[in-house]
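Each of the next two complexes has subunit A plus one other chain: subunit B in the first, subunit C in the second.
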Partner chain A sequence: MKLEGGQISTSGLSFLLICYIFGSTIIIIPGREAEHNIWLAYIAGMTEGLIFAFIYTTLAQRFPQKTLIEINDLIYGPILGKLISLSYILYFLQLTALILRDFGDFFRGVLMPETPLVVFILFSALLGASAVRNGIEVIARCSIIIGPLAIVTSILVTLMLLPQMKITNILPIGDIPLKDFIKASHTVASVPFGETIAFLMVFAFMEKEKVKNIRKLTLLTIILGSIFLLINIFQTACTLGKTAQITLYPTFTAIRLINIGDVFTRLEALVIFAFLGLGFLKLTVSYYGATLGMAQILKLRSYLPLVLPLGVIIVVTSILHFENTIENIVWTSDIYPYYSIPFQIGIPLLSLLIAMVRKLPKQKTGSKQQQK
Partner chain B sequence: MYIILLFLGFGGIVLFEAPGLIYQKYWRELIFFFLFLGLAFTLSLLAVIGIKLPSPAEITEKIVNFFLKPLSKLF
Partner chain C sequence: METLAFVTTIGIDKAEEPGKVELTLQTVDTTKISPPGSGGGGGDDKPVLNLKKTGNTVFEAIRKFNYESSRRPFFPHSQALIYGEEIAREGVGKYIDFFERDPEIRRNIYVLVAKGEASKILEGQPPLEYTVGVSINRVLDKYSTTSQIIPITLHDFLGRLLSKTTAPVAPIVLVNKEKNITLAGTAVFKEDKMIGELTPRETRGLLWVLNKAKGGIITLELPNPNEKISIEVINSQCKIIPEIKDNKLKITVEIREEGNLGEQNTPEDFSNEKSWDSLNKLTAGVIRSEVLAAFKKAQEFNADIFGFGEAFHRKYPAVWREIEDDWDNYFPFLELTVKVESTIRESGLAIKSAMPK
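Then we have the complex of A and B:
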């Protein structure tokens, strides 16, 4: 039984991954406790993120054409596997709610302060639900359009901000307590990179002949995406300096400063469109993971009936999560990096070790099934 | 007013999804659809009539602190 008939190409996966990494990171900029050394924290966080990706892709290559839910079933057995999968689904649901909340807060905060939060969240969720109903192939194709647009926008923004950048803003380099640095870099690793665990629900739909290249492709894409992200972080740190600490959305504040000969000014409204696309793709991937996972656990023939009910639950929990934006940002930097450890590194690492010790997936099982 | 909108919204979801499932005789899917929709409706109704529901962020914060506090004493 196959719930998803679509297949994604290598370019689709690459752009989807780049958009996912950019996603809400570009707005909330996690790891701000590293102050002017934030770019160093990003390099360390990206290295940690590559280790995460190595584990996920090793799992995906070991169990080709299998989603996280099926992998859990094979490794931990039907009962424990289902329990672990259920915890992952709850995590994906919460992740989707958090992404929606980040974008809802952002749009209400900088664009339309009088509009109720629920309006942004509801309509973003509806857009996401429509994409999820269309399947992973459509989501991947959307990323092929949105990805390059976001990359070009970020490069243009960086070029336009060159006159405002002061390299002295990031000096002195390395002047940060080790504890703060580790905390900041782990936050960076957990927010965009660790969240790529949702791609274990997507790797299963790669074109068959491309499965062998998943690890190489994913690691290269993450490095490429990280370089673009690093350019953005560097640009924000150089432009805003210490004031980046007191702004809610540093990237947005930096973009507001663009002024080329009094002609190109206030470009933030245009850049928001690229941000919106990135947010849409990020929420869609985790929403898709949660819905497909739930359908696989319940052994349904289609995941479509669950899309809207789960969407409503996501919208309600998204609003319930925090009273205000500050609470959201504090929670993301103080609680989320620790809370996500078991989902992002603990369970996947354990799964990989068990699969290696038990030499899973066993070839014999496959041949027996074929005989039947 | 909001409650009427809520009923209309959920009615719309049922009309959009249920007939197709009945036509295809996807009974198992229909049961789970109504189960999750019921949960979603209860949550939204409670939120709309102003009953304070626990925040998932607070719950996770309590869980994290439960594990982190003994660890922070060690370091």
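Then we have the complex of A and C:
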């Protein structure tokens, strides 16, 4: 039984990860409670995120060619394992819905206020569904195109915002109560970095000879992605200063301030396209994780019949999840960072510990037999 | 295009009814713009239309425009947001939220305070431009030709409004005797209420400290009152150094200015090092007096327009927590030292003046 025939290359995985980290983070900028120390919160959150990624990739290397669902089966047994896997699938579905909602709200809010939300969500979901049907190889190849474009765009934006930036906006350093700081940095860790748990559905399809490099590659990529993200945080914090606290979409607000000799101005429409690509990739990965996982639990021969039904669930959840934008903000900063702890760190850590204590997987031949 | 009315300038005044706001929008009247090649302009008629509406809130007033206008007011191209003096003195906080919230408004729109009513400014004559907004926008973009006007965008204004200590400022716009629109001086706010004005000279004093005085003319007075020299400012850099000594707050401002000799109406020969140096000293003196004048006014108003509070915050974050809420009691007693280093670099195309001795 082979649900996914595709293989992803090293560069495919790297760009996919970078895009995933940028994803919705770039538009909503979580962790703004840290005010002018936001960049410190991001460094702390990234460090926490690296610990997460270390655990995920250790699992992935311990169980080569296995997805999260198969790993759960091996560690917790067929029944408990399936239950845990099912909760992960629900989490991935919700994650996809949340990403869709973030982008839907953003596009409706800043670009087309008169268009109903469902239009954005439905069409993004359809685009995602088409990518998921094509498989992980295609998704990864997309990221090789979108990733560099997004990185170049973000660097250009930073350069063009240089005249507007004031370094005094992020001083003094470290002037923040510890409690607020930990909360902000954990929010940062949970929003882009902890969400990379979805990559446990992707690591299994790395080219066979590259399996041993997964950990090194992932950690390096996350560091690289974090640096790009940090540049964006610096740029936004230095440009907006105190007004970052009252804006819904700080990056967008900052980009609107670009004005170079009255020629390069009103560029936000171009930058939005880069955001759109990032959002598309992020939602596709978690959508793919949910679909593939469901197919593995149900032992289907192909995951294709599940794509559209799960898509319907995602679209409906996305619309019903929040009644208004304020609920979304409260959810992101006050509920989600704690709600996601079991999925992002609790269960993966437990799995790793059990695997180490029970010395799983027992033998390479043994694990192959279990695969049937 | 045909369903939109392009707003270039927004004027906000107090309405006659208490608690209401009167909004004046200057829009481009596209029906009066003759298509190119059709020959003949519209004569004296400028293609602008001012519309006035009152409402409980800014947004309510904006929607009332559609009682009579078939086109929806469209804001992304608006250039200036002008508050009437009366409403500025009562507080602009109530009437600024819409502009930060609505996605059509851009944060690089300029914020100004009108001398008198904002609607009167919109009726004024913008020299050399069709609309008031474009005129004001271009004047403020080129503020550094004099450095006696302070350009404040909505973004700058909001940042100052959000700061606990730094006071907002905005340029003052008025209609002069020739019915022309002109900018002069700076309105100083305490929180969101306007409490006073700076003269153009004091405005430049503020700009030196804000590191924004990148041009302008400094006129030097020689001992003989009929003899004057103009120095053109090329560049300036300012460093703010806060210091806490024996529980006393001190600020040192270090300004380094570069300029050229632009004009002299005295026969004196400056083509030797000694007299050239005397120009440097005189220039430095003028700059120092401008900064001190602005600082004196700011202390009178007890409004920290320079952002000295933020400078203390950056250098002494621990002590700052005690000072922050009490800043109003510290600022009027702040000690200021101004150090100016002026360098006159060039003398134009002349070495000596042709004026007979």
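What we mean here is this: the second predicted complex is superposed on the first by the 364 of 372 C-alpha atoms of A that agree within 3 Å, B and C clash if a C-alpha of one lies under 4 Å from a C-alpha of the other, contacts with A are read in each partner's own complex, and residues count from 1 in each chain.
Convention: contacts are C-beta pairs under 8 Å (C-beta built on N, C-alpha and C of every residue); 3 or more make two chains touch, one makes a residue touch a chain.
Predicted, not measured: the structure shown is a model, and the values here were computed from it.
Q: Tell me the contact category for A:Val312 with respect to subunit B and subunit C: first, second, both or neither.
A: In the superposition, A:Val312 contacts subunit B only.
Q: In the overlay, answer first, second, both or neither for which of subunit B and subunit C A:Ala97 touches.
A: It touches subunit B, and subunit C stays clear.
Q: Please name the chain, subunit B or subunit C, that touches the greater number of residues in subunit A.
A: The larger set of subunit A residues in touch belongs to B.
Q: Kindly classify A:Gly109 by the partners it touches after superposition: subunit B alone (first), subunit C alone (second), both, or neither?
A: Second partner only.
Q: Touch test for A:Ser302: subunit B only (first), subunit C only (second), both, or neither?
A: First partner only, subunit B.
Q: Look at A:Asn259 in the shared chain and tell me whether it touches subunit B only, subunit C only, both, or neither; answer first, second, both or neither.
A: Touch status of A:Asn259: second partner only.
Q: Mind pulling up the subunit A residues that touch subunit B in the complex?
A: Interface residues on the subunit A side: 94, 97, 298-302, 304-306, 308-310, 312-313, 315-317, 319-322, 327, 331, 335, 338-339.
Q: Which subunit C residues qualify as touching subunit A in the complex?
A: 100, 103, 106-108, 141, 155, 158-159, 162-163, 310, 313-315, 317, 320
Q: For subunit A, which residues are in contact with subunit C within the complex?
A: 109-110, 113, 168, 171-172, 174-175, 240-243, 245-247, 253, 256-257, 259, 262
Q: In the complex, go through subunit B and note every residue touching subunit A.
A: Checking each residue of subunit B against subunit A gives 10, 13, 16-17, 21, 26, 28-30, 32-33, 36-37, 39-41, 43-44, 47, 53-57, 60-61, 63-64, 67-68.
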